[in-house]
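Inspection log for the structure reproduced underneath, given as structure tokens.
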Amino acid sequence: MLPILSLIVLIPLLFAALTLFTKTKEQARVMALVATVAVLVLTLYMYINFDSTIADNQFEEIYQWVPSLGINYHLGVDGIGMPLILLNAIVLPFLILFTWNDDRKAPNRFYALILATEGAVIGVFAALDFFLFYIFWELTLIPLFFMVSIWGGPGKHHAAIKFFIYTHIASLVMLLGIFGLYFSAWEMTGTPSLDIPALLSQFQFIGSGVMKDLIFLALLFGFIVKIPVFPFHSWQPDAYTEAPTAGSVLFVMLKIGGYGIFKVILPLLPFTASPNLMITIMAALGAVSIIYGAFLALAQSDLKRMVAYSSVSHMGYVLLGAAGLVSLSVSGAMFQQFSHGLIMSIMFMACGVINTTAGTRIINDLGGLAQKMPKLAVIMVLTFMASLGLPGLSGFIAEVSVLAGSFVNLPSYVIIALLAIVITAAYHIWALQRAMFGVFNEKLGTIVDINGYQTLSMGIIAILIVYFGWNPSPVLDMMLTNSEQIISLMAVMGV
Amino acid sequence: MAIGDLAFLIPLLPALAFVLTFFLGKKLPNGGAIIPIAAITISFVISLLITMNLLQNPEEVINQSYSWFAILNIGVLVDPLAAVMLTMVSLVSLLIHIYSVGYMSHDRSQSRYFAETALFTASMLGLALSDNILQLFICWELVGVCSYLLIGFWYEKPSASSAAKKAFLTTRVGDVMFLAGIVILFSDLFRIFNGTIPDGVYILRFDEIFTHIPEIAAMNANILGMEVSHITIITLLFFGGAIGKSGQFPLHVWLPDAMEGPTTVSALIHAATMVTAGVYLVARTFPMFMAAPSSLLVVAYLGAFTAIFAATMGIVMNDLKRVLAYSTISQLGYMMLGLGVGAAIGAEAVGISIFHLINHAFFKALLFLCAGSVIHAVGTHDMRQLGGVAKVMPITAVTMIIAAFSLAGFGIPDTIFGFSGFFSKDPIIESAYLFGSSSGMWIPYLLSITAALLTSLYIFRLVFMTFFGKPRTDYGGHESPASMTVPLSILALLALVAGALTRTTFYEFVSETFVNDFVQMDIPALADIGGYHLASHAGHEPMLILWMPLIVAVAGLLVSYLIYGLKVVNMDSLVSRNNPVYKLLYNRYYQNAIYTDFLSVKVIYEGFAFAGHAIDRGFDWTVNWISDLMIESGEALRQFQTGVIQTYATAVIAGVGLLIVLIKVVMEVI
Amino acid sequence: MIPVELYIGLAAIIFSIGLYGFMTQRSGIRMLMCVELMLNSANLNLVAFSSYNADLTGQVFALYSIALAACEAAIGFAILMAIFRMKDTINLDTFNVLRW
Amino acid sequence: MDLMLLAPELTLAVTGLAVLLIGLFLPVGAKKMLGYLASLGILVALALTVSSLGTEATMFNDTLSIDALSQFFKIVFLVVALLFAIASIKYTEGNSHTEEFFSLGVFATIGMMFVASANDIMVLFIAFELASLATYALAGFEKSNQKSLEAAMKYFMIGSLSAALLLFGISFIYGMTGTTSIPAIAAGAGNLVTNPIGLVAVVLLVAGFGFKIALVPFHMWAPDTYQGSPSVVSSLLAAGSKKMGIVAAFKVFIVALIALQAEWQMVFAILAVLTMTYGNVVALSQTSVKRMLAYSSLAQAGYITMAFVVLTPMALGGGILYALSHGFMKAGAFIATAAVVYMVLSENRDVEDPDHLDNFKGLGKRMPVTALSMTIFVFALAGIPLTAGYMSKFVLFSSTIQAGFVWLAVIAILNSALSLYYYARVVKYMYFIPTDAGKVSEPLPYTIALVIAVIGVLAIGFWSEPFVYWAMEAAKVLIPGGM
């Protein structure tokens, strides 16, 4: 059978290279669309043939790469990675469509970078070898760095460098953790191997508890900086805000941090020397970032920056749910990643549209936009409602699962999170009221509503938000399968 | 197939209507109003048939559950409680939709209006027939957001959009408590099942919840040193949600502002249906409350207090709709009181309270629609500018007066003569008395009876100021079109006779809600869990008590007639800024200052948010500081590189010397 | 015969003189001479050890290093001449264009 | 004894002399072909070395040994020399001293190769000096350019000083053990341990080699020299003669003086940390690209030095692999700079410092190939995956963790994160800071050299297995026993 995962990973990278050589905007965007659609088709094919009742890796491919170091080219996807690949595959074509009519310098590079990011991100979700995993992990940095530096806003250089260095440091710390795991396993088995499933299963046999905890913390640090959660979030608002719209959406698609939590951290958790301490750390960070991000979002004057902080708050649910260690909460956290991807991509698209047409994103300078841009208003209201966790939209499923599930083990943290819900509602509604409703601010000049392509792309993602809000099972089932398997581990260890 | 199998259509059709109207509405005449009207008509018919069916054999409640995700489900549950609710909601909503065709005819975006009202109706019906607490919460939120959208229907009006915001956020506070209650309930049940839920068991479905009440009641949490049973915590949190939705003190502030929306919206959402959802929630989870006596006490006291608290403000308002809004709050207080006294009279409390809910829905909707009809014709809300409207708008005036009498609760005890409001409000006051006599706590009764006086006072003040006397300003005005007056008449009819006809059957019908083949609750047993006993229902209160409500109502009528009809007292002496009481009432107890200006702006927005902002700056600063430090130290270290060859030589030789010494020393140490 | 320690001591002294000179002198020529001193002290060591160990390798080594020293001097002088041609001085601490 | 084993060196010797002689009879215009000739010779030597991979032999009474280690490093030197020679074809164009330039380069290479295969301290020292002397001259090749002269002068002065230190140290070793043969020293190093002179000797040797490797504090000449001398020469110095110091240190310390391990391990630990940190921190604020690269190569040397501290076969393998990768990356980076300098000077002869960062503005448009390869080189130096730099860092750092030197690994990791800042800045200048200057044609020789280097960098990054394997083989020579 055909190496479908390799195709999904390599097609975007290949087309990225090709796109570099295109001359005009038209060629570039067509190339990009072709590539992303091809990925979407392949992903759907894979999704259809995916067995969501088993927690194992599927569509595995394995070839030797550097045998003397135990490095393999090993791809495979399970219920944790599949939905995220699906998310990227779904959103990217519409992202291309969204930017269809924009005019910007060097469109060929622009689309090439988008494709490169897609390939790299999907690569992370598909990699089953830590070496490969880390390669893709780092590879996501470079296109985004260029994306921000070339097409970013006023503070782009500072933001880009900050994001680049900050997350790079985190990745390196994670790499240290990987090394530790690698060699501890090596000493036990006598053969080097970077195979993720193998290493995860061997972690429990590591002799020294200190070593275990060090490895665990190093990995955890690497992941939570990427998510990001309080207090390691300070690269994120700058990067999200300064990036061009497409860049921000790509950042949102960058769910690799949370993926690491589920794929790597949770399986290791029960075998650390002090699991309860680790759980406390994760839960505390999660709960704090939920409420902290909410308050910060409340304090922002820039719409896009507010959205960025709201993302900190939402990502807190991922960590809290993961720490909840109930299959409902864990799967809810996974689903939060998925739905957050959908919601935030529209949010950032909306910010981009407003910025281009109104010339500002300062909430108080806007006002009454709904009268001039009814289409955008409808989509924005829906998205904001989804983002503040309104039932019937995908955000709610995630949040309620996380809250209800986590309360079983972590009541006090959940109560903190509950307090944040009102604040969350507050900043969303205030932003809506000040930016979209009320009297139209004449200083804004002529305002045009979103064009056909934008309506199409945003509309379809919005419809997906509603769809998954009423019928999450298509992705939630596989998440449940995997989280139950994780939880069964916990049960064995009595955590 | 049985009519019951169509139950799921009741909310589904309006939802479908929403989608159609949303996309096609603009192209159709008057905003495609016909689509929702048709859909809701069918829903009404179905629910009416189901209710009839259920009246024959109350045992056969309809329950269809479908697995949703994880261990949660969505489903349909039509028991007597739900049935009457469905019938009322679909009927009122239908009438108001018809009325709106005329009322909104001049509005350019009426298709949006009808889409949103259709969505609201769908969610409200869904709320009424949900068979599990989570689905109820979902619809709960949906009606909330519909109310948000409809209050802010004229979003270009800043006052409207800010009122919408206020409504959403205030109710959100309650919603979060509700959600917290659900979360705790879930985790308790999860523990009871030890985390392994057998297939086909949906742990948030009401029957599961009710059957496990004893275990939940057995769980205790230590809050500030007191042992509190989980059932109490959960029920209180649920009631918190009810407070928010049903505009009970202290979360009532949003309801008067909500009058910024179209009057039809006020009638539909903020009088008849949505605001009663809170009462419905408490009634729906009544068995849990039965097991938590302290929660019931809270319900009773808060209800009674709200009833009088809102009534006082109702007296001084000069805005037609605001008076009605406060009256709604106060009536909802009565309903809560009716449930709260269940501690004395058991499941019958549900019957009494829901009966008032239904009747209130009719006459309050009627009041609003009349007000709307006046506003529609006259174009002002301010009663001080009105007067003598009865001459120009006879139908409206008559229906309004009927509604007023119904609200004030006119009727003769122990007979079938009386407005429907009388038959539903009286029992509440009586059972409050019974509660007092059995428990010795008389406050609820006293508050409720006083509130009854104020009620008739403010409503007749409204009637006199608006419809009688001579016009204070020259407004044009004409009777409204038939599409508006017909619904008025229908509702007036209901307000007139509904109570008298249904009262006997209604009580036991609804009180049977918790004994059928869906759940088998033994209410007294629950009371035992709660650690108290139901009062033996004596039934016959003293004559005075029976007549008291009527007496106060008449008194109120007379007083207001003297003041506003005959003008024997000059109000201007009282109605002035330097009268502290008036000032206090007129400023609505300064709640706006406290809530909006102080709490939300000062504390939350400026306080917390900006504190957080500062902290974040701190983190950012640290990160940048580290990088700057690196670069600066680089600048500093460069200076070693003087470029003079001797320095380099010295460095080499010094390096050699130092290394030798260092190693020597370290070697000694080791 | 003379104990080897004395040779080492002598060599050490010469080496130190060379070091001192290299650090203090400004003139390129003198610095070059100091380097020669150091190299030769090393050669002295080699020869001394060679006789002490009764093994010829050291002396061979010394011969080689003398040759190397000559080459080094040649290159050194070449560079210094070029410098002198440009700056009319071989005072090396005037050369610090390249720094930091 | 089979002279074929010396074939590469002999080929180079012939080439060097041939270039020198033919050059005498050629008009300036025709001297271009000397460059081709030299490159050809080096290529042949490279081919011969590769073809003889895996052979084990010793010759000239064990003063030379052909083994995996020496072969590996010979390849490193030859590759660097090749890049150097090809790139220089353009640089020396129209210069009347072309023949000297190339023959010096070739002879320097020979010296390095003999160091790589030396099995006797005497031979090692002589070869060491041969390479040094040749490079002194190369550094000062631009006789009329003060910077070049100053660079040469500093290089020469500090070089001869450290040569003296080295020789002095060696004399003690010889005195203590009575032999100059490396294995024999290892056997008889017993009384070095007891005698305090042993420590002095070790530190002197460290200083001697540390000068070539450019370890703090023996590094100070390096930034000046790399900046002052012609860029192609800097590439030879940074990529070539630095490695010579490393391989010499490998042989002398790990093989000969293993008995004194305790002492020099600590020395190298200190120097490694000092060097990598100092190099990175100072590089942050450099505006001259060549100088920045010089400091960065300090840092890289610091990483490689970790191998001496960790001292497991894998670490040594990592160090050796790093030497190869660094050869490609650094040589490439310097040659790219050389191309830019050439471009700048050909536009305007008397630019003060042609390698200033400002001259890199908009390079992505002006010299796309150069800019792209420069980007690859700096990202490789920063250790971004799928490049040689990452692969070697992976092996080296991970082995550090393996051996339990977590603190060292952490310092190294943080350092390489820090280094990303100034590397990224170069990229920023090349791509994100616009300039009005137009596109220029990129000189072919530079481009060829760059392409070769890029291929090398990426090959090690992608198709790592053979390189890792040979590095490990080489490491086994130093420390027998599997990993």
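Letters A, B, C and D mark the chains as written, and numbering starts fresh at 1 in each.
Quick note on the criterion: a contact is a pair of C-beta atoms (placed from the backbone, for glycine too) under 8 Å apart; a residue touches a chain by one contact, two chains touch by 3 or more.
Everything numeric in this text was worked out from a predicted model, so none of it was measured.
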{"item": "Chain nearest the overall C-alpha centroid of the shown protein atoms", "value": "A"}
{"item": "Interface with more contacting C-beta pairs, comparing C-D to B-D", "value": "C-D"}
{"item": "Interchain centroid distance [CA atoms averaged], chain C/chain D, Å", "value": "26"}
{"item": "Geometric centre distance via CA averages, chain C-chain A, whole Å", "value": "65"}
{"item": "Whole-Å gap separating chain B and chain D, where each centre is the average of the chain's CA atoms", "value": "78"}
{"item": "Chain centre separation (chain A, chain D; CA means) in Å", "value": "43"}
{"item": "Numbers and ranges of chain C residues touching at least 2 other chains", "value": "22, 31, 92, 95-99"}
{"item": "Residue list for chain D, restricted to those that touch at least two other chains", "value": "153-154, 157, 161, 165, 223-224, 421"}
{"item": "Sites on chain A at which at least two other chains make contact", "value": "165"}
{"item": "Inter-chain touch pairs (all)", "value": "A-B, A-D, B-C, B-D, C-D"}
{"item": "Interfacial residue positions of chain C with respect to chain B in the complex", "value": "19, 22-24, 26, 31, 92-93, 95-100"}
{"item": "For the chain A and chain B complex, residues of the former touching the latter", "value": "162, 165-166, 231, 233-235, 292, 295-296, 298-299, 326-328, 331, 368, 370-371, 381, 385, 390-392, 396-397, 400-401, 403-404, 407-408, 411, 414-415, 418-419, 421-423, 425-426, 429-430, 433, 436-440, 472-473, 476, 480"}
{"item": "Complex contact set, residues of chain D against chain A", "value": "379, 384-386, 390, 394-395, 397-398, 401-402, 406, 409-410, 413-414, 416-417, 420-421, 424, 428, 431-432, 464-465, 468-469, 472"}
{"item": "Chain D-touching residues of chain B, taken from the complex the two chains share", "value": "627, 630-631, 633-635, 637-638, 640-641, 643, 645, 647-649, 651-652, 654-656, 659-660, 662-664, 666-667"}
{"item": "Touching residues on chain B, where the partner in the complex is chain C", "value": "638-639, 641-646, 649-650, 653"}
